[in-house]
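Chain IDs A, B, C, D, E, F, G and H follow the sequence of writing; residue 1 opens each chain.
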Amino acid sequence: MPRYWREPLDVHDIKVPRGDIHIIIERCKGCEFCAEFCPRDVLAMSSEFNAKGYHYPEVKQADRCVDCDLCEIICPDFAIFVLPEKKDGEVRNAAS
Amino acid sequence: MPRYWREPLDVHDIKVPRGDIHIIIERCKGCEFCAEFCPRDVLAMSSEFNAKGYHYPEVKQADRCVDCDLCEIICPDFAIFVLPEKKDGEVRNAAS
Amino acid sequence: MPRKEIRITGYGGQGVILTGYIFGKAAAIFGGLHSTMTQSFGPEARGSACASALVVDDNVIAYPYMRDTDILIALSREGYEKYADELSENGILVYDADLVTPHQSDTVQAYGIQAARLAEELGNRIVQNIVVVGFTTAVTGIIDREAVAKAVESSVPGSTIELNLKAFATGYEEGQKLLAPVG
Amino acid sequence: MPRKEIRITGYGGQGVILTGYIFGKAAAIFGGLHSTMTQSFGPEARGSACASALVVDDNVIAYPYMRDTDILIALSREGYEKYADELSENGILVYDADLVTPHQSDTVQAYGIQAARLAEELGNRIVQNIVVVGFTTAVTGIIDREAVAKAVESSVPGSTIELNLKAFATGYEEGQKLLAPVG
Amino acid sequence: MSDLKMDPCYEDVAEDRHPMDHLLRADRLPHIWCATCGIGTVVKCFAEAIDKAGIDYDDVAIVSGIGCTGRVAGYVKLDSYHTTHGRAIPFATGMKLANPRMKVVVFSGDGDLFAIGGNHIIHAARRNMDITVICVNNFIYGMTGGQAAPTTPNTANTSTTPHGAFEQPFNLPHLMEACGAAYVARWTALHVRRLTESFQEALLKPGFSFVEAIAPCSTLYARRNKLGSGYDLMRFYHDNAEIKHGSDPREIDIGYQNKITVGKFVDRDRPTWQMKSMEQLDSTLGEKYYLHDEACEMCKEDINA
Amino acid sequence: MSDLKMDPCYEDVAEDRHPMDHLLRADRLPHIWCATCGIGTVVKCFAEAIDKAGIDYDDVAIVSGIGCTGRVAGYVKLDSYHTTHGRAIPFATGMKLANPRMKVVVFSGDGDLFAIGGNHIIHAARRNMDITVICVNNFIYGMTGGQAAPTTPNTANTSTTPHGAFEQPFNLPHLMEACGAAYVARWTALHVRRLTESFQEALLKPGFSFVEAIAPCSTLYARRNKLGSGYDLMRFYHDNAEIKHGSDPREIDIGYQNKITVGKFVDRDRPTWQMKSMEQLDSTLGEKYYLHDEACEMCKEDINA
Amino acid sequence: MQQAEPKRVLTGSHYLDGDHACTEGAIAAGCNFIAGYPITPSTEVVERYARRIPSIGGTFIQMEDEIASITAVLGGVWGGAKSMTVTSGPGFSLMMENIGLAAMTETPCVIVNVQRAGPSTGLPTMVGQADIMQARWGSHGDYEVIALAPQSPQEAFSLTIEAFNLSEKYRTPVMVMLDECIGHMTERVVIPEASEIKILPRRMTDKPKGEYLPYEVGEDGIPSMAHAGDGHRYHITGLTHDERGYPAMDSKTQDTLVRRLCDKIRNNAKDICMLEEEEIEGADVILLSYGITSRVSRAAIEAARAKGIKVGSMRLLTVWPFPEYRIKELAGKVKAFVVPEINYGQVSLEVERCCAGKSETILIPHMGGTVHNPEDILKAIEEAAK
Amino acid sequence: MQQAEPKRVLTGSHYLDGDHACTEGAIAAGCNFIAGYPITPSTEVVERYARRIPSIGGTFIQMEDEIASITAVLGGVWGGAKSMTVTSGPGFSLMMENIGLAAMTETPCVIVNVQRAGPSTGLPTMVGQADIMQARWGSHGDYEVIALAPQSPQEAFSLTIEAFNLSEKYRTPVMVMLDECIGHMTERVVIPEASEIKILPRRMTDKPKGEYLPYEVGEDGIPSMAHAGDGHRYHITGLTHDERGYPAMDSKTQDTLVRRLCDKIRNNAKDICMLEEEEIEGADVILLSYGITSRVSRAAIEAARAKGIKVGSMRLLTVWPFPEYRIKELAGKVKAFVVPEINYGQVSLEVERCCAGKSETILIPHMGGTVHNPEDILKAIEEAAK
């Protein structure tokens, strides 16, 4: 499948920012926008259904995420978001 | 008062057509369009009023009329019209 | 003053409504009376027959419409023909003599004035009605001259007050000249 | 046949209405019965919970709505949760086993089928409901298989008849396999 | 002068009829329009155009909305429909579709067509509905006594802009062009011959044709703005109208007492709604479209087998 | 995957809130829009733009009409008004005039704004009313089940054009430009960053700003036309949208599954309705205008002397 | 009366909802022009029509709004078509001005309102019966209309045909007041042979050119029509007009005209009103209902009878003109009229007025979204019978 | 109650017609936003307002049509203004959909309808009183409104103020049903000192941010408002909604909402209804009238009394809600109610219903264009008293 988003310009920088991907599964309607248009190919659709019967995304390659926020902004269901990766040692409720 | 209509191109032809001007006085609302825009300066406004209280036009120089129909077409009240002058000997109900 | 009913008639653009308004205001605001002015015109905004009606009374006016016309002011032939019959016995007819030719009548006092022409002479045909207001004030005496003048002054645009008061005076003088009935 | 009431529920886009339509048509046009299909959905055109209801009867149907659900066909969890309680004693539940997990109940016969999955296998998820139609026909026996098949055939676009009949057959076979109640 | 026939009263005209009287409801004349109002002149040009275009009177319907111009329907002796304010165009649309043989002409005011009726005119132009729209633009609402119109030029005084109009007016030809009209022209009531010609062209043009006819409203626009009478406005048009055929419609806005660009601005060929409708059915259904007796698939579907 | 937080049901999101949830009525999520519908993405971009433009949330009001897009008002946690079909713009106009401090944003569908609401939008643009209009164009009526819109491209299938659409659709940017809009842009829902930027510009632009956001209607437009889902339409936008800032709006019509020209087409300075209103009163009345305590001439007129 | 055109009649048994059945009724009645604007729950009517056009001819145009739709319908009628528009509450409200024009110009046309629950946007996909008074009073000024209320898809078919016939007979807009329940309820609809469907042709003038007056009437008070292009070159207007169709700005013409417009309906109420009565003789209580509510009431009526209550049933197929004459006849003969409506009291007000205190009127209001609970109706009947 | 702002009150005696007096009432009441579209015979109201703006502040916008006007008014209200629109029959018809929105969203606003004779374009410059039922029933779905009917320019002034106050009190659109006669009748209007004019301020929420629910109500059933920009970030919709203002698509919410919308008016009828009664005690006949007709009836009443007939007079200053309670009290105590109206029977239907056969109801219809002939009214009184 061709990639539909151009690579962010800063992709080869040394300090690549990293993101924590959060998915609110029950909001997801399985449109695949996030997975499809992710410039870093981080996401893939799960084979599981949520309660409404949709396949939702899951993180396929977490370490490739550069916190570009594209999945967050393109998601029509406010179902996915990315937070800058927490520093080591910091504790989060939900981490990818 | 300046003339507001250009002379018809055929005005200097030899066979100048002539028109019989008919005025339906009670339709007239005294707008002066006919008199003002007549390219041949045929009409003038009467000092009389009609029943509605308007001055109506009268024929000032009947022999200058070339049946160009301008007064007829510009009159917003369908109150004036021109018929081609009858040939000599022809009898008309109303002639100018 | 017992109830008096006045009809003003003409065509749109002649200031028929303003005429009624001025008399009404003169009565109700400057004359210590009650007055109700009503108007009627066709659906057509302008150009067609229109009329206003004024009831003036010492007492509160319940029924605001005309029953018998005490005074008919006719500024057009059409209007005159339409309302002439309504004029009561001993009613007063005021008319623009260039535009209206009243029928002969024994019971009506008729006062004609060439108001349109006088207005044109004053410089603007638009004050035809104010000439008539002055004239009517004089020939009918129905409302005090001062009150009517005040009503004129307070009802026309500031820039035209002078012209209008001149028209009023002109009409009033014509009226005084003519105090003998014609009809 | 005495009055029977069937509820079909799911979300918009699953063909909930068409499912009701097909059973209704099978009954009223091909089955010699009376039937009334009604529908309910949110103001939202699509995507949200929706349901259709079918009453089938030997006699003319006056009251066209559900009183006791004899058969509940649930294609979504939301729909199931909403209508499960309405199911009468000895009622039959038909559900998509991937999407709905029925509560334990002693009085209900429950038949699950992985209809969405089967439909996807058949090549188009859109026939999920037709799989369920076949399955329901088999497990409930409420309307003659022939009549239902005719109704399917005459209710879907010409180009999809084949696929739909295949889906119907698939569902029907699943139903026959599963004739023992699970609940 | 004395030998001119003067009709002593209105009924008397029969003997010596105005040559347009056969196209007029002469029994309703004189009309209600004010002295020096330009609407009558536009009507005159229109009547002339019908004759010149050689259209059978029985094949023309006039639809008007409400307004001074809206009264045109009442004076023209054609099938004529005086509808509600702003709705002449959908009425005309229905009539045209029901009776494609008719030339359906909408004759109405700028307020009627572009204020309350604005939505209908933009959609009719978009659809290229095969009607002719004549808009008498007098820059004001005449019938209701001189309120601002969506055409009132800036600073002009109206009864609802007593301190001067300030809303940007529509540039009617530009709007019509943007919506897709097939024919767009503008003239003033003074341009009697050009206007007549334009009406002819519009009547014969397939699709949506639009002619703006600028005309004096004497009683309200002229008087209120101290511009004299309609007569003075006609003189103003004489001095200030510039004929520029094919002007870019974007550049022909009208300012208060500014130059007025007139001319024909758009004349293009676009298939009409009806043509496109038929073409589309034809291309989708092919043969089937013409076989009206065959029930369509949908109908077959639910016939009792 | 297993360490990703999955909210087992809707209420559970509070702990780990989506960063936009403060701008959303999260208690109403999931929203009603279909799977792969693009409206949500446009809303997302809009929310982003408000944040980026640094506008106080209390100073923005959202007004929607009726339609799938019309439901935006119900999901955005701002003062938000879900009005009647087609009437968002006059509602917004009244609100803006009553409360000039507010940024009033109309967020609605192409049918709402350009079919039934067409007259309001052309007049608001003409007046340069200081509001921002966001039009989600999905080429169809979503809410009512997939009927033709005045944007439906020719030959597209809809429930009211079962044999293919044939009416010429509006070219929205062109129409808005012709009516006088100060800012006009078009993007697709795929252009999330550009769209967001455009919203920012529009929000900050004085006067009438208009952004067309083309978005997939999966359930009706895509499915009915066998174009797959909204996902496929997004891919189509990717392959077929051409960014051409400053294109002549006359040349950016959208055909059925043709190239789509996107970009910013108009960005011009025109005084807003309110500015012009004040200027006009000022120039006519001068000092008097500011002396509100002095009765105007008219009032003096009829005060009892 | 003529027979329907065979190519327009889908003879046979169909499984149709009320909306689709309504379309088939219109087609059978000869409707060859529909202008409409989509609105739930009515859109199916025009969607079906749009699909049916290639088989039947005719024109459907989706207008820019409901105002345009109703006005195009009027233009279509004067252009010679049999025309109809279809909407629901919000669109019905928008049509009001031009429904007035239809009444004023005596334009025969049909307006279908598939009622949903209001006010305003309300519950767009859910039932209401609260536009009944609006159908009668929604436009300004005095006029009368005819409004019918089907109770099943079968009746949506037959009453739509009837609506066309009545509109031609009385030269008036006729409303088909469906409700969402009937519109979206699917049942068997049996469409008879074309020869069994009676169509009333438009009453066209037979006057020679030059003599036709568009509002000249004979004894029955109903004028004859001419279409655009027929050569009569007549004028019509929404202004008060004389028999020539010319505006006449006086109260005498107004009096003649408005009385005639209203009386042609009022005086023919017995001809227009369709009532279904059952066990009225000797009843203690009459259950009066219309539309879906009449079906919901069946259960209550049967239960009440089972309990020995003498309850009659009166169903209004015609809601307007209101069958005043019939209620007045029955007032005093029964204890009460029980009136369930999916509104907060509309038809019940008319019942109450006509009862003149001689029988009680008991409204069972229901605000919409669902139908009544039959038990509430039963309870009211029991209460009333006491 | 607050006092009017002095700069908005033109204290003194003026010679004004009803339209102009209405404008002054609106200004005194604090109206600072008018959106309108010209229509005879109402336009003078907005024309005066446009002229008055420089002295009072505020905004007038002439919208593209009446639909835009009423909707802009609603937007203005939620933006914080006291707003009004003005129209006549055809425009009133066009406003109906969004009057429904006003009722549904409980938007306090004033709609002035200067009635002319209809239906349709009718007699645009001449009187009618035939929009009364439309005021009540013109929009789809169930709702209630308040409608007032002035009988003089003085009342056009004072009832317009009252209209604003009632709209704020009950959070509802209020209609001022002028008629052309009153609108175009000029009389002395005495405008009191600002301190004597009582203005009811809008009922704003006092909830802190985050706690405000737009449709939360206390015992009186009337919610408090917040304006755009107040920081509450609330939602309103024309859909059926719960107290949060969120759409709720179920019949229970519908029931609660629609009942409350109607009951807040119905249950307060005694507070809202203004009646002017005269010699009702011991009357044989009551002449019930409103607007211009009440003045035309004076002569008839006096003449009847002069003939020894015991005729009482009841004048409705409030037409809606209809003073049902009062008619019911009086029904049976008098022989008849005589109801002259410039229509073919509207308010008389309500009178007839409330009389429940205990008193006769005698309509004196008049189709409009002019007022009644007082003799016809007298004749009817004499007839009724027999």
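We take it that contacts are C-beta pairs under 8 Å (C-beta built on N, C-alpha and C of every residue); 3 or more make two chains touch, one makes a residue touch a chain.
These numbers were taken from a predicted model, which means no experiment stands behind them.
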Chain hops separating chain E from chain B, counting only touching neighbours: 1
Steps needed, at minimum, to go from chain C to chain H via contacts: 1
Contact pairs, highest-scoring chain pair: G-H
Interchain centroid distance [CA atoms averaged], chain C/chain E, Å: 41
Where chain C and chain F are represented by their mean Cα positions, the distance between them in whole Å: 58
Euclidean distance of C-alpha centroids - chain A vs chain F, Å: 28
Interface hub residues of chain E, defined as touching at least two other chains: 33-35, 37, 66, 82, 84, 115-116, 118-119, 123, 143-145, 150, 161, 163, 273, 277, 281, 285, 302, 304
Per-residue multi-chain contacts in chain C, two or more chains: 25, 29, 42-43, 45, 47
Multi-chain contact sites of chain H, meaning residues that touch two or more partners: 13-15, 40, 51, 54, 64-65, 67, 90, 97, 101, 120-121, 123-126, 237-239, 247, 249
Parts of chain G lying in touch with chain E, wherever the complex brings them together: 7, 10, 12-16, 32-33, 35, 48, 51-57, 59, 61, 63-65, 67-69, 71-81, 83, 97-98, 101, 227-239, 246-247
Residues of chain F defined as touching chain D within the complex: 32-35, 37, 68, 71, 142-145, 219-220
Residues of chain G defined as touching chain F within the complex: 37-40, 43, 46-47, 50-51, 54, 60, 62, 64-66, 90, 120-121
Residues of chain C defined as touching chain B within the complex: 11, 47, 76-78, 96, 98-99, 116
Complex contacts: residues of chain E adjacent to chain G: 25, 28, 57-59, 61, 63, 66, 73-74, 77-84, 87, 89-99, 101-102, 104, 119-120, 123, 273, 277, 281, 285, 288-289, 292-296, 298-299, 302-304
